[in-house]
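Letters A, B and C mark the chains in the order given here, with residues in each chain numbered from 1 onward.
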């Protein structure tokens, strides 16, 4: 039943003299919702960047669905079904909301460069399917009504949601969410977490969630990996993590006195 | 063998001039990530500043160290003021604009300088004043050490030592290094970023002025389009050494000058100007970050 | 296909009107306007829609011009009505040659940071120009004389003029260029271009092969630059490497920037402006006695970037702005 979808083996990322992530091992089972937590600067986003090909790990390997993916380009990894959102929101700001979503599915629209010029039947059909799909995804997140807005003009919370919709549009098996609730208030966060649970069901997704707010992750994650200073200090169920002295120490610091 | 040594001397002399120009490109790139297209025309204006100072003071035909010094001063001041003005009026309003816009502006400034110069100075070449007596200082028979080459080397070495002192031993130099590391953080730490950028343009531009006088001394013909080719070569030298790296610019300049001299000596002079682009393409394919450049990691 | 065809036919009616109302100098300017429209729209694909920066558009135009011109000298008879068939074919071949050159230049340089493309294309333009100067087969520095071009077509007393045939060919490619770019940009391919412009890292993470997208845009852009070159070669009957210097590349950049990066109709309007500018500035030039065209140009470029960084029309199409204006005023 619990089959490993993604596995990171002794991942290390070195920037100059600094080891941002040091020999990290972890895995994510298919269908799981796993949390990756740690104080600020623990190296969480660096892990995402290594998994999704933005950074080339200094050493180590990433295995996705049994295939090594280290060294592949980000778009190749995305097309294999591993996609992500960005902590610092990287929407295509001057494009409309629906265009943002359409870009993400563009590798699924298989037609030649000249097909749109002659408006072939194949082109029109694939294109209307793409629009239909994009509208459906936007609808789930309540953004369908704003599909023609310029994405940069959306309110902050909706920009975060659009990041998730866009990632979903690539047709992923696994999605890495980088602090999706950052900057949201309690109610918005709650609402977002329900949405994440919903899409996980609907698209049978595996989710890896970065969050530095521990309380949030405890509620929804099945398993948690805790990073501190680039090193894994704990992993296990929320109960295990919550009661781990190492985690408490990392989050609260140790009173030397 | 003696031939080779002679070419080595000539190439080093030419290369040190390229290095001066390359430093200007690399400094501005290091701080603003901008290819300052106008740099080559600032260089051209430096030559004309020196030329008109010589006309004004009647120095056209009085070679000597004093003439060299005053022409250098004129070119450095002229270029500094121009560089300052370009930064202030063309680049600063665009500090937060997309890179493409700044690049287009740089091209606009370059064209503006070239064509205004053609109108103001006339398109015909002018004869640069005689700066130093061209004599053979040391004669080893086949190998000659000429006064002009020695002067070029002495001046560039002085300039580079001064630059080194400026950047590593002074407060403004420290600020420059901080800004090129991270502009936002530097400004939060109380560095006056605008002032540092202006200062970078002043330094880079005055080095171009020095280069202009040295070139005028060796090849005494100046015209409004004289910057184009040397500008491209200086830029290629900067890329070759690793753009953003000061030692890289010097190394790149020397390599550029030496290889050009050798190509002309042992192959054919028709390849001279193709060399720069040939080198550029080879670097871009095999080592885009240059010889001494660091591979940039974009922050995500 | 109906819309482009009707557009073309409608514009041909304008051509017939121009045939009877305009003198030959203005007609020539009109052809040059059309050529610049193709140059501007095609460069907009790279600089405007894909957010890369090419400074060597004239080089690709030169490749198309010389290939097409050289091929045409191999055929003995291209006069009269034959031209309506042969010149589009020649243009296509010139365009393909330029596209191939675009592929060779684009593949290594487009992998790199944006500003490298500017330098490489600048260098490429210069290399092409210098190579042509040293090619005796196409005239070298002397220029390439006697290139066959459209001629008057005598249909037993009823004559279709050289201008009209040339106009038809140029207009055909303007319409083709417009609709090809217009429709490609509104497809998955074009959305990939736009995403590269907006945020390359995010585009990659969303499954867009950004290098491929950039190379595609660049090759398509070079193709149309080659077409423009071919039209130019056969209408002028003469080519000189000096016509394809840095200034022509800059002309194309100015058309894109002035019209708005990402606005095709903007490029059309700007092409008219840039082509006629030297003529409009002629009185000023006579007044001051020197060629101030480039000074005015460069000042425009700088001021535009500072005051209206997205060009006159931004990334909007002209009619969108008109619609907005009408809505506001009514």
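Here is the rule we go by: contacts are C-beta pairs under 8 Å (C-beta built on N, C-alpha and C of every residue); 3 or more make two chains touch, one makes a residue touch a chain.
It should be emphasised that the depicted structure is a prediction, and the values quoted were computed from it without experimental measurement.
K.L.:
Which one chain sits nearest the middle, judging by mean Cα positions?
P.N.:
C
K.L.:
Looking at CA centres, what chain is most distant from subunit C?
P.N.:
When every chain centre is compared against subunit C, the largest gap points to A.
K.L.:
I'd like to verify one number: the distance from the centre of subunit B to the centre of subunit C, where each centre is the average of its C-alpha atoms, in whole angstrom.
P.N.:
Roughly 35 Å separates the two chain centres.
K.L.:
Which whole number of Å gives the spacing of the CA centres of subunit A and subunit B?
P.N.:
The answer is 47 Å.
K.L.:
Where the centres are mean C-alpha positions, what is the separation of subunit A from subunit C, in Å?
P.N.:
42
K.L.:
Could you list the positions in subunit C whose residues touch two or more of the other chains?
P.N.:
Subunit C, residues with two or more chain partners: 201.
K.L.:
Residues of subunit A touching 2+ other chains?
P.N.:
54, 86
K.L.:
Name the residues of subunit B that each touch 2 or more other chains.
P.N.:
Residues 300.
K.L.:
Any idea which subunit B residues touch subunit C in the complex?
P.N.:
These residues of subunit B touch subunit C: 33, 35, 90, 93-94, 97-105, 107-112, 114-116, 118-119, 232, 235, 239, 270, 273-274, 276-277, 280-281, 284-285, 288, 298, 300.
K.L.:
Applying the document's contact rule, which stretches of subunit A touch subunit C when the two form their complex?
P.N.:
Touch residues, subunit A against subunit C: 52-54, 73-75, 78-79, 83-84, 86, 90-95, 99, 102-107, 109, 111, 113, 115-119, 123, 127, 130, 166-167, 169-170.
K.L.:
Can you list the residues on subunit C that touch subunit A in the complex?
P.N.:
Per the touch definition, subunit C meets subunit A at residues 1, 179-180, 183-184, 186-192, 194-195, 198-199, 201-210, 216, 220, 315.
K.L.:
Residue numbers of subunit C touching subunit B in their complex, please.
P.N.:
The contact residues of subunit C facing subunit B are 47, 51, 53, 55, 108-109, 112-116, 118-120, 122-124, 126-127, 130, 134, 201, 250, 253, 257, 261, 290-292, 294-295, 297-299, 301-302, 305-306, 309.
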